[in-house]
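In structure tokens below, several structures.
Shared chain: chain A. Partners: chain B in the first complex, chain C in the second.
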Partner chain A sequence: MNTDKRLIRKDSLENLFDILRKKNKIIYAPVSKNSKIIFNKVESFQEIATGYVQTVQSPKEVYFPRFETVLEYTMSKDNISVESVNPDDIPEVILWGVRPCDAMGIGILSAIFNQDFDDEIYNKHLSHLTVLGFSCNKADEYCFCTSVGGNPGNTEGSDILFTQLGENGDYLAEIITEKGWSVVSLAEGLFETAGEINKNQFLADLPSMFEIDEIRKNLENIYSSELWTEQSLKCIGCGACAYVCPTCACFDLQDEAHGKLGRRLRCWDSCGFSLFTLHASGHNPRQLQSQRWRQRIMHKFSYIPEKLSVFGCTGCGRCSRACPADMNILEYLISLQEATI
Partner chain B sequence: MNDNPYMPYLMRIEKITYEAPGVKTLMLKFVKEEDEKKFDFEAGQFGMYSVYGVGESAFCIASSPTRKGYIECTFRRAGRVTNALSNCEEGNLIGFRGPYGRSFPVNEWKWKNLLFIAGGIALPPMRCVIWNILDLRDNFKDVTIIYGARSVSDLVYKRELQDWGSREDVRLITTVDPGGETPDWKGETGFVPAIVEKAAPSPDNTIAIVCGPPVMIKYTFPILSKRGFADENIFTTLENRMKCGFGKCGRCNIGKMYVCKDGPVFTLAQLKELPDEY
Partner chain C sequence: MDELKKKATELLESLTVKVVIGYEEGTAGRTRALFAEKPEDACRLIYDSRCVQNLATYLTKREVRDKGRIAIEATLPVMRSIIQLAAEFQVSDANLLVLGITPDGKLIEFGNLAEVEAFIHQYPIEINQQDREELAKIEKMTPAERWKFWTDELSLCIKCYACRAACPMCYCDRCTVDCNQPQWIPVPSHLPGNLEWHIMRAVHLTGRCVDCDACYNACPLNIPIHLLTKKMVEEATVHFGGYQPTIKGEHIMSTYRPDDKDNFIQ
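Let's look at the complex of A and B:
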């Protein structure tokens, strides 16, 4: 389907929101909470934050929840009855205000979850998800989407991408998918015909900072470099980078039982934790933080690209913003390009 | 939903065998007949065993695929799940999902000599292959098993060791670490690598299958290489912490390879291509 370009007036965005809410759509959007911008369920347009560069958390938890039941069970004296989770119970959700880097992350998670076989639970989330992307008209010093194949006006992963045409301007709406069209069909009158519009002039100016293919190539040579230790000396292994990341998919499976009732949960995990790989014997194949840091970088920039032909990073910069030890992935990636053993 | 990959088979513990201090073997049967019918596996594959309310653990299927209708697992009590499994009684119900991973290429080993070298609790992942081979004994040439443990009481499958030792068509060498012998111990005394060196196995038309604690493996590989075994003819099976079993949860990888789906069976040639992170 060809992308169709329409124009929506600045003041009509609220109308669009109200129409979607009246149709009982569940809408998640960035809101300001305790001076942090996060994705939350919203009831009114006024709740939606504006002027932010990036939310603290990626919207990942809407379609890959922090913990999610994969099966439930009831234990009795002589029997255990185990019920699989029913993916049809996953609600339909609209994600409003997704940055292009996060929208690109959805496809990367899809590639991971659907390698070898289809992950029905994840796929059901996606089929029930409509992504309303909003282009970036500003970036900060942590952003680097243009270095990993994205850009501030990238349509990839969005069903509709809105680009504000200048400060206080109206919005260009690029309708990209069938789901995008079904949103338009609910509010046909709001989407006007657009003339020739070059959105690029309204996007954040973000030059590419490194050659991603060079880094990928160089990673093959520097597995035993001292650099992993140097870079990770500050790392406290808190795992915040993985939790804010739109593409980190590694998970744990945990049982939670109360009396006779229990459930098995798929929960977020992080390769930054020492427990992640710890054997019951006490042996740990990645016992040093430097090994865990290397795993994080290798996984995203070498292993995932090799197996899935995508990079495990969208350049959102969240890991750098969230790091309590002020580790900056952008700086590290730049130095990895030139690193030797 | 039909294809929830996390959904285990429901298994009944048919029989519990005490093997060694902290080590037990569970014989598991499928509760549902249709599960048993569709289940099949190959020697060297593993599964996720679960105690409901506690969690899941990965270990090999220790029984041979030639023995139908049940599977066995042998484990040492070490963590939360193995403790819970250890407390189970005959008749209890547990979960099992699998089989996962790549098996030993037993079919490619026809008419070859087979040399099994195992240490401690690493005999179970080899036992499935040993019985697989012995159940099809005519297809293979000489079978040698070298097995060592810290002490006599730590040797697992004691009855089967007796059985293998008394067979004409198996050469069994058992050993215990110095200080681990009892007054009536009739086997060797010494560490596994030294016993392998002493046994002087010939590499001609021979496949070596080595499994044991990292230190045993580390010192056994060079002895085999020195004797002329090609890296492609030396096999091992690895373990790493796992949660999913099918390459998604992200923790069992060694470099770009996942132990759960690219392994757990690897040749020494494959291992040499991987970083030393296992």
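Let's look at the complex of A and C:
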């Protein structure tokens, strides 16, 4: 399937939205709530937020929900019957307004969820997901996608990528996948042929800010450095960074029982919590926040690249924006580039 | 805040303290905690209206405690937190020196925590006008409207526990919500789990909350959870005449009288 470029008029985006809604498609898009931009189910085009750089949370909640049933059980006198959930019940969803960094994050999460076991539930979410990406025409001081292999107009992970051609301009639509084409087929008339368009001039200007390979090399030598303590003294040990992150995949399994019935849920978890590594014996191999902070950085920039040949970070900058203590990952990555033992 | 920098430098040079916790310029126009351990670090200390993070939350953090005696740049809410922590045996004169910032932004040095206590008692805990209006608005709702308000807000909660981590009074090594055998509070961040967590948080903070807004400021989703604890401050005012953090004294939620007008205790 070749990428095809089409043009969609600015005013036609709403028509596209309405056509998808009329086909009973479930659409999640960025909306404003409590002066923050979050992904939510939307019914009308007017609900969709505009003018923001990035949502507080990544869209991962749509395909990796914060809690999700993996099995259900029923206890009787001498038997326990266990039933897996049927992945086919997972609804088809359209994600509207995904930034290229987040779309890239889907591939990273997929690599994690399929590294040594094909996660049927996660994979079903993805096969039922259509990603309508929107390029970034602006970035803020927390963004660094270009330093980790992305860019503000990256098509990776999107089924269609829309790029607005200037302020108040029409949109270039790059149709990337089969799923993208099936969206186009529902509204063929809205997608006009596009002439030669160079989208780059309309994208946010975001220079690369560090050499990721240098950092990877340094990480091999600074496991025991004092630097982890210095960086993490101000960390208060919450899970905000992990929960807003498009690539953090850790979860905890919890059983919820109601009499003889129960269900097992997988719930988001974070390596920033002290409980995360607490053993049943009471021993905790990561007793200090510095060890937990090191794990976060090592996992994203050393272990995941080594095992899965992708970086565990898309440069979306969300963790820094959400951190109540101003732990700024970009600042720390830059200092890790210069770090010595 | 030249006096603050000067004082911090002196304390570090004379080895009176091992670390001075204060605010420094952060990223993107924010401020953040500074842990000054060398005299030359002290020049980075700042104070202005952006400095609202409650630094007292670091006083119970193991890596910070392990450094030795601490001096802390303390605004009024931070001072209140310190006195409450002293009442709960978490800090003492032996490990802490307070560099107070008065409500009009001046450095005030304290010889000991008793002086800090006397200072904060000049300023009763009072819910500000804007939050009082918010609370009144919720109070006027019908139970159905109020239920909708809170379920709408709290269904956003992702249980990142930033509120808990930012609060100086939430220092337990193992919080009740972390206990899953038995599971007192549902772990998943579904609506019942979120409601129970935030109700429990508000109740555990009743009589201890110093009204600093750290929980709300930390929430990545701007959920107005501070209104729950503020409501409890109001309730404490109505039923018990209010409270002030006090090093030695009775706390409204952990004391009783045999002649209580309600008979549930007897």
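In this text, the second predicted complex is superposed on the first by the 341 of 341 C-alpha atoms of A that agree within 3 Å, B and C clash if a C-alpha of one lies under 4 Å from a C-alpha of the other, contacts with A are read in each partner's own complex, and residues count from 1 in each chain.
By our rule, contacts are C-beta pairs under 8 Å (C-beta built on N, C-alpha and C of every residue); 3 or more make two chains touch, one makes a residue touch a chain.
Treat the numbers as computed from the prediction; the structure is a model and nothing was measured.
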Output check: A:Met75 vs chain B and chain C. Expected answer is one of first, second, both, neither. What do you get?
first
Is A:Ala249 touching anything from chain B or chain C once the two structures are fitted on A? First, second, both or neither.
first
Of the partners chain B and chain C, which touch A:Asp213 in the superposed model: first, second, both, neither?
neither
In the superposed arrangement, does A:Val85 touch chain B (first), chain C (second), both or neither?
first
Quick check for you: in the superposed arrangement, does A:Gln289 touch first (chain B), second (chain C), both or neither?
second
Once chain A of both complexes is superposed, is A:Val56 in touch with chain B (first), chain C (second), both, or neither?
second
Once the complexes are superposed, what residues of chain A are shared between the chain B interface and the chain C interface?
252, 254
So in the complex, the part of chain B that touches chain A is made up of which residues?
1, 3-8, 10, 50, 52-57, 78-79, 82, 93, 95, 214, 239-241, 243-244, 246-256, 261, 275, 277-278
Residue positions on chain A within touch of chain B in the complex are 70-71, 73, 75, 79-80, 82, 84-87, 112-113, 115-121, 223, 249-255, 257, 262, 264, 266, 269, 271, 276-281, 283, 285-286, 291, 295, 298-299, 302-303, 306-307
Could you please specify the touching residues of chain C with respect to chain A in the complex?
26-28, 30-33, 35, 53, 57-58, 61-64, 153, 156, 158-162, 164-166, 173-174, 178, 180, 183, 186-190, 217-218, 220-224
For the complex, which residues does chain A have touching chain C?
33-36, 38, 56-57, 61, 66-67, 140-142, 229, 232-234, 236-240, 242-244, 252, 254, 256, 265, 267-268, 270, 273-275, 287-290, 320, 322, 324-326, 328, 331
